[in-house]
Every structure is written in C-alpha cells, then in structure tokens.
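Everything below concerns the one structure shown next.
The letters A, B, C and D name the chains in turn, as written, and every chain counts its residues from 1.
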Amino acid sequence: MSLWIGEVVANFLVAPDIYRMRLRVDIEEPGPGQFVHLRCGLRYDPLLRRPLSIHDFDMDKGEIELLYRVVGKGTAWLAARVPGDKVSGLGPLGRGFILPSGKTLALVAGGIGFAPLFFLARKALALGNRVIFYLGVRSREHLLRQKDLAEFGVQLEIATEDGSAGFPGLVTDLLAAHLRNLRFDGIFACGPKNMLAAVAGLAATYSIPAQVSLEEHMACGLGACRGCAVPVYREDGNVTYENVCSEGPVFPAHRVVWKPSWR
Amino acid sequence: MSLWIGEVVANFLVAPDIYRMRLRVDIEEPGPGQFVHLRCGLRYDPLLRRPLSIHDFDMDKGEIELLYRVVGKGTAWLAARVPGDKVSGLGPLGRGFILPSGKTLALVAGGIGFAPLFFLARKALALGNRVIFYLGVRSREHLLRQKDLAEFGVQLEIATEDGSAGFPGLVTDLLAAHLRNLRFDGIFACGPKNMLAAVAGLAATYSIPAQVSLEEHMACGLGACRGCAVPVYREDGNVTYENVCSEGPVFPAHRVVWKPSWR
Amino acid sequence: MEKGEDKAHPYPNLTVELAGLKLQNPVMPASGTFGFGEEYSRYVDLNALGALVTKSITLEPRLGNLPPRVVETPAGLLNSIGLQNPGLEVFIREKMPFLRRFKPPVIVNIAGSTVEEYAELARRLEKVPGVAALEVNISCPNVKEGGMAFGSDPQQAARVIKAVRQATSLPVIAKLTPNVTDIVAVAQAVEEAGADAVSLINTLTGMAVDWEKRRPVLGNIVGGLSGPAIKPVALYAVWRVARAVRVPVIGMGGIMSARDALEFLLVGARAVAVGTANLVSPRSMLEIIHGLKEYLREHNIDDINEIIGGLEVPFPL
Amino acid sequence: MEKGEDKAHPYPNLTVELAGLKLQNPVMPASGTFGFGEEYSRYVDLNALGALVTKSITLEPRLGNLPPRVVETPAGLLNSIGLQNPGLEVFIREKMPFLRRFKPPVIVNIAGSTVEEYAELARRLEKVPGVAALEVNISCPNVKEGGMAFGSDPQQAARVIKAVRQATSLPVIAKLTPNVTDIVAVAQAVEEAGADAVSLINTLTGMAVDWEKRRPVLGNIVGGLSGPAIKPVALYAVWRVARAVRVPVIGMGGIMSARDALEFLLVGARAVAVGTANLVSPRSMLEIIHGLKEYLREHNIDDINEIIGGLEVPFPL
C-alpha cells in the first residue's frame, strides 16, 4: 500500500495478446488476490491507472510479476515497455484471498483470471494445502505455465472451449463433473463474471465456501471515490455497495449480488 | 503534398535538447522552407500534428531530415522514436523560399530557425549563388553542422548570445554591422519573431528584398481551418489574414504586420 | 449473385434520408473544419462523402479574429477563428462552382449578426445552383454579435429559424450550441419554428492561459472547444435531443473513428459530422465510412438505419 | 537571516483568506475525490493541505448509483457515483473525529433534495466541532432530485443558499454547475443570497456508449465529466465569475499540475480544488503545492496573492 516507481526487468509475449512483465519494486509483501494500480502513459490519454493482479512475487529479488491481456490503450502501452523503462504504481492494494492450511482446495481460473490464481496456488501449497487447479481457456495456445504448476505439485485440470486440449467445454462444467465425486474444503475463483456466478452456484449447491475475485472499472483504487462499487448482501440480507478496490477484489461468493436489477 | 507513413532511419541528439531525425518517406521533392506535419503519438494527447521544417532531403535514399528542439509533449514523443518506428506525416506543405541564381545572399538563422536554412543554403549554392550564413545561437554548444556548411562552400558568420563563439551578441547586430559594407541581393531568415522583425527592418533600410519564415500555432496544415492566420498587408495597404500553412510559412518581409494591435 | 455485388442496391445499405435529402452515407464534414472542400480534395474523394458542408458564410467578408486562433488542450482543440470567410458574393462566385461539381448534396452553413442577415443569406442562396440545404449557425462562440447569442435562448433561436424558413424553400438545419441550460428546449423551439433537422453540438466555450506569459493563449481570449475531450457532452446532448424532437439529428463532437460515429448513431443521430478529426488526418471521414461499412458487414446488418437510435437503455431516465 | 528561514513568516507567502478562513496555501481537494481524508492519509500529510473538503453529505445514508460508475474518456473521467455516503449521523460520529485531528479547516460539502434538507444539514453541522465551513453542492448531475436542478436556475440557487445562510453562522460556499447558459447569473444570485464564496466548476453532464454492447457504459446512463478534458471550460467559467462577483472563487476542473493551478489563480481564483488528479495520483496535491512554491521562488514573488487575478488581457471582452 504505497506509491512507487517500478523498473521493468522483463516484458514478453507468452500467448496471443498476453504478456508477462517483471517489475523491480520496493513494496511490502503482497498476498495473492491483491493488485497493483499502474499508470499507463505519461500524458492524459489514458488518464486513469489500470489495475492488474499480482501474478507472482519474488521477495529476494524485490520483483513482482504481472500477466496481462492487451485489450485497449492502457495495456497496449504496457506491452510496449522494454527493460529499464519506468512505471508508476500503487500497491499492493485490496483484500486478497484468505487461505486455510492443510485442506483440499479447488482453484478455478477463466482466461486471464489465471493471473492471480497462479500466485495463490504457490501460496496455498506453501501452507500445506492440496491444490486442484481448474483452468479454462479458449484454446490450447492460451495455456500458460503448466510446467511451473506441475513442479509446485499442483494437479492441473484443463478445459478448452474449442476442445484443443483437456476437457472440451467450459471450465465450470468440468468442475461440476468433478464435484460429483470430489470433496473440496474451499473454492477460489477468478475469471469472467458469468463463470464466477456459475462457480458461486456450484459452491452453494455443494455447500463449499467460495471466494471470488471481482472486476469493476476503477478510478482511485484506494476506496475514496466509490467508483468501483458493486452490490453485495449485508449480513441482514439487504443490499449495499462495497468497493472492489478496498473491500475486494476478493469477496465471499455468497455475498455477491450476481444479477443486479438490469444487467 | 501527400499523406504518408514514414519510417525512422535515425534519430539522435545533436545539441542540448536538439534532435536530428532521418525519415524514409515516399514524397514529392520538397523545396527549402516547406514543412511536414507530423502526428506525435497514437492517441489523442497530443491530438494535433506538429509542423517541422524540412532540414534536408535526399532524393536517392528517399529520406528527409528534420532538426527539432524538444519543447513539449509532441517533440518529446518524437525524440523517443527509434529506428524502425513509424511516423504519420503530411507534406511537403506550404510555400517555401524563392531562390534566385547567381546572386549574393544573406541567410539569417536564429536558434532552431537553422533547420530550414541549412536546406536552403545547399539549394542556393546549387543555383550558383554566393551564400553568407548568419547563425545566431545562445551558446557555442548549440552550433551545428559547421563542417557540412563549410564543405558546401558557405561563408559562416556566427553570433552567440553568451559570447562563447564568434560575435558576442545578437545575430541581427552582426548582420547590421556587415550590412554597412556588404551588399546583398536578398536576405532569407528564420527564427524568433523579434529577430525576424529586426531583419525586416534592416532589409527595408538597405532596400534588400527579404523573405522570412513565420510560425503560428497550426491545426490542419492544409489551409482549410484558418487557424494559423497571420496579419499581412495587401497590395492596397490594408491588412488581411493569410495562412502560415498554405500561403506561407515564407512571406516577403515587407508584407508582414510586425506589430498586431496588442502584442 | 452474392450479396453486396448489386450496384443498384449496394450492400450493406448506408444511405440515410435527412431533411428531404438522400445521403449515400451518413458521414459529412463539420462546418469550418473542411474549408470549402477544395483544400481537402487532394486527400479525399469528395464524391465518397455523405454531404459537403461549407465553412460558415456571412453576408460580408470577415477577417476573423486576432492570432493565435488555435491551441491544443488535452484531447481537445480550442479555436477562435471568428468566422473568417470571403463573404456571400465571393462564395457564390468562387467556391460554389467547385463544390457543385460533386455528387453529394452541398449544405451551406450561414451565420449572421441580425435576424434579417440570416434571412437575406437564405434568400440569396435559394437561387444558387447546387445548394442543397442550409445549416443555420446560431451557435458560434467566436463572434461578438449574433452567433451563440441567438442559439442560447429558445425564443431567439426560433426567431432566426422562422425568418430563414420564410425566406427559402431549401431544407433548413439548425445548428445548436451546448452552452445552454437546456438544449432540448432550444431544439424543440427550432423544430416548432420550421427546422427540417438539427445539428449538434457546436463547440463548448472555453479558454486557455499561458502561465508563463500570464496571458490568454488565444488572441481572442475565448474560444470554442472541440475534439475527443467533448465527446461525452455531445453524446449526451444528441441522446436527449433525438428523443425529444421528430426531425432528424446530425450528431457531432469528437468523432474520430467509426466507433465514435456508431455511438452517435446509437444514441439517435441520423447522420454524423466530423470536425476536429479532419484537422488531425485528412482521410478521417473516408476511414469512418469504411469502418461503418465493415461493422455492418461483420454484424450482418443490412441497413445502417437499423442502428440509428438502437441504444438499449435499461430504464427510462 | 536568509529569506525563507523565518518560520513565522514563511517565504514565499502561500496563505490566502477565503470566506473568513485563513488557508496556509490555496490547494484543497475537490469534494468526492478525497473521500473523508482517511483513505488518502497514508499517501498525503493532510496537515500540508490548504483545507480538507469532504465528499457530499446527505441527511440520510445514500447507496449511490448502479455500477459501472466510472469510465475513462479521452483526458477525462465520467462518473455517476450518485452521492454514495453514510449520511449525516454516521459522518458526524465516524468521520469528523478523524478529520478534526488535522490543522487545515474542514469544509463539509452538503447536498439535499429539498431546500429544507439543505437548511437542516446546515443547522445540524453548525454545532459540530471542527467544521469550519459548508460547501453547498447545488450542482451534482448524478441525482434525480435536487443537486443540479437547484444550481441550474439563479432563483432556485438563491433559495437554497438563503436557507443555508439563515440556518448557520458558518461560512457558506456555493458550488456551481457549468451546465447552464449563464453561470455568472447564478454566481451573482448566490452572492446576493449570502454566499461567502463560490466554488466552480462541478462536472459537465455527459454520457459514454459501449458501441459493442450497444448500451450506455454507466449503470446510471448519464454522468459528470471531469479532468483535463474540461479545463478550458472551467478556466473560462472562473475567469468570468471572478470578475463579476465580490466574493472569492475556488477554481477547479482539470487541475493536474502546479501550472494548471497557476492558470486558475491567474484568471482570478483565490484558491483551487484538485479532483480527478487525486484519483490518478494520491500525491498530486502535494506536488501542486510544492510546484507553486517553486514558481514563486523562481520568479521572486513574495506572496501568492500577487498572482491572483493577474492575467493580462489585451482588451476588455
């Protein structure tokens, strides 16, 4: 939770439109699910910072890793950085995943939702958990860091929408199939909203506590502007708004209002 | 007078804050005093193109050269280009200097006004003129391409404001001193407005035809928006507005209204 | 025969009807950013545009304002040209002969400092061959009399449009300013007064300061803001007006790309005008027309009119 | 002793007087972009600011609008927060104790949907320790009742300010909207009604469209535009108002740097508020204060008050 200038150590294409960046920064130790808020340019277009999850952290080197998909002007600017370039950042920000120890956990990633779950997997294993990692991508060329995960001791279960690798179809269908036989102590998910809603549904059906990482357009990233608010249930069942940036991005799945009034 | 994408061949610092850029472009042959209108970025900040004089042109290689001082966001963007990068440009635009042949000419440059006059000197010599080049700069480290000019056969007369080389003081004072003895058939000037006004005064005093290259904020560069208008005298003595981009940037010195009503 | 090969019925259909004019596509220049067409004709095939719109014409020649007249702002352009133009006579004699050589309808933008001047301009342009419609600029922020003063008040705006309406049988387009509390009231007033279409927005009034010299940047102190910076304001104005009047709306303000143009069509513009983008790249309009066509093809939409007003809003606001 | 070393009379002087308050420097946050100070206190020494300005407070808690609530536009930010706030009671109980620990005066921004609500807020805040002044938000574009509806009409605006004026002895600052035909008329009306200062501008109303999904980007459809994109509009409004009223003006709209702040001071603002810049970089205000100090030093100006209104204009407009 600080303001810093990071130095790009590496920045390279790892899959179609997806880059991995290493940044040397002097920050406090982040937890999985936390994010950094980066300026993507020196002028006013783009104007706001962009939130990116922490994909990994190397305490010794003082480096964080980011994994990002180029979708617009901010991420395009990031993709054009070369080693030695400077990037202004805030973070680590937000509330990340809360990990148990010694349990059996399902991690469910959809697309670029893989970014924070990689870091989460490493941390979960370090806490003595067994990790089954459900990874859904469009196509096999979007599969990343399988070897690293295997080396950590993660059991990787893959689903591709085009059937080019692993289970053909949605990762939530794969998870649903496994849930019929397997027993998890917790589910941790990051990905598109539809996927998260499906995960929340499965978690409720099987009474497994689930944590999901939400996205919303952000401005300050600090909890001040209320720009990134999402509707969540209060304890009394009424709906209120909480900030993705400061009260999230990770929320218990059962607290999230999956269908706000009109979208 | 066309729209093109140029490729940066070279771009390097030649003096404090001053860069020289070579661009490979497919354009019609420019004349000295004409300019190109460059986009300096891919987004909307900066939004407008930036005008830069043609500093030199190599027909065989299909390359133009630019010489520019970094003063703001557009020129800072240009300075960050590396070989291979693409730059969108319009041009050659505007009306350049009209050169006689076989005459004795004074070229007077102040600061970055050197940019077009270098090209002009080369062309003037090719037309069999004798060229005395008055170059005024702040300090000796801003002196550029003296050797090239000497090789062309230009007689270089230098003035520095801090007295670190050549005549100590303003280039127009140097010119004024020379005018007492020397006889020129034409004066060609580019530089800050005060300098041009002084040149125009000297030219009038000694009845020497003078051409000056003016600057004004530009938008279209094509004569359409009337954004770059400057007041000039019509033949009947009344004042009208003409576009620096299409009716200039070079104007006969006697046509320019040097003191508009309030600045 | 494949879809798209029929020349008589090109696919997809980009033609729109506007104030009795048939435009081959909905993209035209915004007044004042395209000169009189000639300046751009080396870069743009004028026959490819939906319409040709001239710089504002006044009865008498106008010199325009003191320089500097343009200054860039973040994602915007502030201008204080001040309606520099050669006046009606010279326009008719020297500019119209060029413009009428082209296929797209020529929309002549007029500006006056009195109601009578507007009417006089309309009367005299009525008989000029090749003039297809008039756009009445009651929204220029850069002149002392007339201009925005008329457009800022529904009654005054209606007076101008009524006078023009009575002076001509040409289609009349009223060009509105966003510098008002309620642009819908002005739009409704000019519709009532007989406008066949409305165009919006003209520029937002603004100023720039040179902090080093401690004085205004523009010679005229004040100018009009255009470009991407104002697009959100323009979209909102068009969205509100399009739902409040029956006449078609020409939308403009910060359109730089086909996506921007689509946004204006979605909020209800029947056609769009491109201003500042022309100053940045002379081929902008062609790229926008091409982009619209591509979009329709990719989404299997036969007719651009299906897009117009197609914004899905969750609830009435 | 060297200039600048005297603690009692720091050099250069940055203090300004505003509506009876003495500010150690003219830089404060714009309401709504700085939360209740706490969120920024890790990044900014709140004691370094000219004043602390809270997010708008309403009588009852407000949930705010449907998400998404913010979207970036070129050089701008469109927001439709909808005055999400915990309500007066919670504010007094949970937010004021933190805020009053700091040296700079606390300006509480209030918003109501009826005149009576504004008066009630003023009455109840009068007695709260640490409240130095009220900023009356009659310019929020993101709520259905009240807000901008009051600020759009000089009479309505005056009614609200008069009611607040009568309910409190605290200094009253009226916050004005630029979405009007004549902001000077509104400023003069609130001055007449007893405002001790005016602050401007609030956001310009605008919208953003998702061309792919064919729907508005913001959950609330419409939002308020802020940031560098609107700076020319803000400078113009401040320049006009500052010359038309006797009370001091707090200028805001797109201030990102000390240069921007200087521009507002030059056109006549007595103080400046920084909004969107806080969202981009939490240390913006500190950098602006530092930059102003440097500027005065470099130019050998003893007192920032010499800059205020110092714009040289060539002729009266």
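In this section, contacts are C-beta pairs under 8 Å (C-beta built on N, C-alpha and C of every residue); 3 or more make two chains touch, one makes a residue touch a chain.
Values in this document were obtained by computation on a predicted structure and should not be read as measured data.
More inter-chain C-beta contacts link the pair B-C than the other of B-C and B-D.
Centres computed as Cα averages put chain B at a distance of 36 Å from chain C. As a whole-number value, the distance joining the C-alpha centres of chain A and chain B reads 54 Å. We define each chain's centre as the mean of its Cα atoms; on that basis chain B and chain D are separated by 46 Å.
Residues of chain B in contact with at least two other chains: 43-46, 261-263.
Of all residues in chain D, those that touch two or more other chains are 74-76, 219, 227-229, 314.
If the chains shown are joined wherever they touch, the resulting network links each chain directly to all the rest. Contact residues on chain B toward chain C in their complex (touch as defined above): 1-3, 39, 44-49, 88, 90, 216-220, 222-231, 239-241, 246, 260-263. Those residues of chain D lying in contact with chain B across their complex are 74-75, 228, 314-315.
Within the complex formed with chain C, the residues of chain A that make contact are 43-45, 261-263. By the touch criterion stated above, chain D contacts chain C in their complex at residues 73-76, 78, 152-153, 179-181, 204-209, 211, 213-216, 219, 221-223, 225, 227-233, 235-236, 239, 254, 259, 262-263, 266-267, 310-314, 317.
Chain A meets chain B in the complex at residues 41, 43-46, 73.
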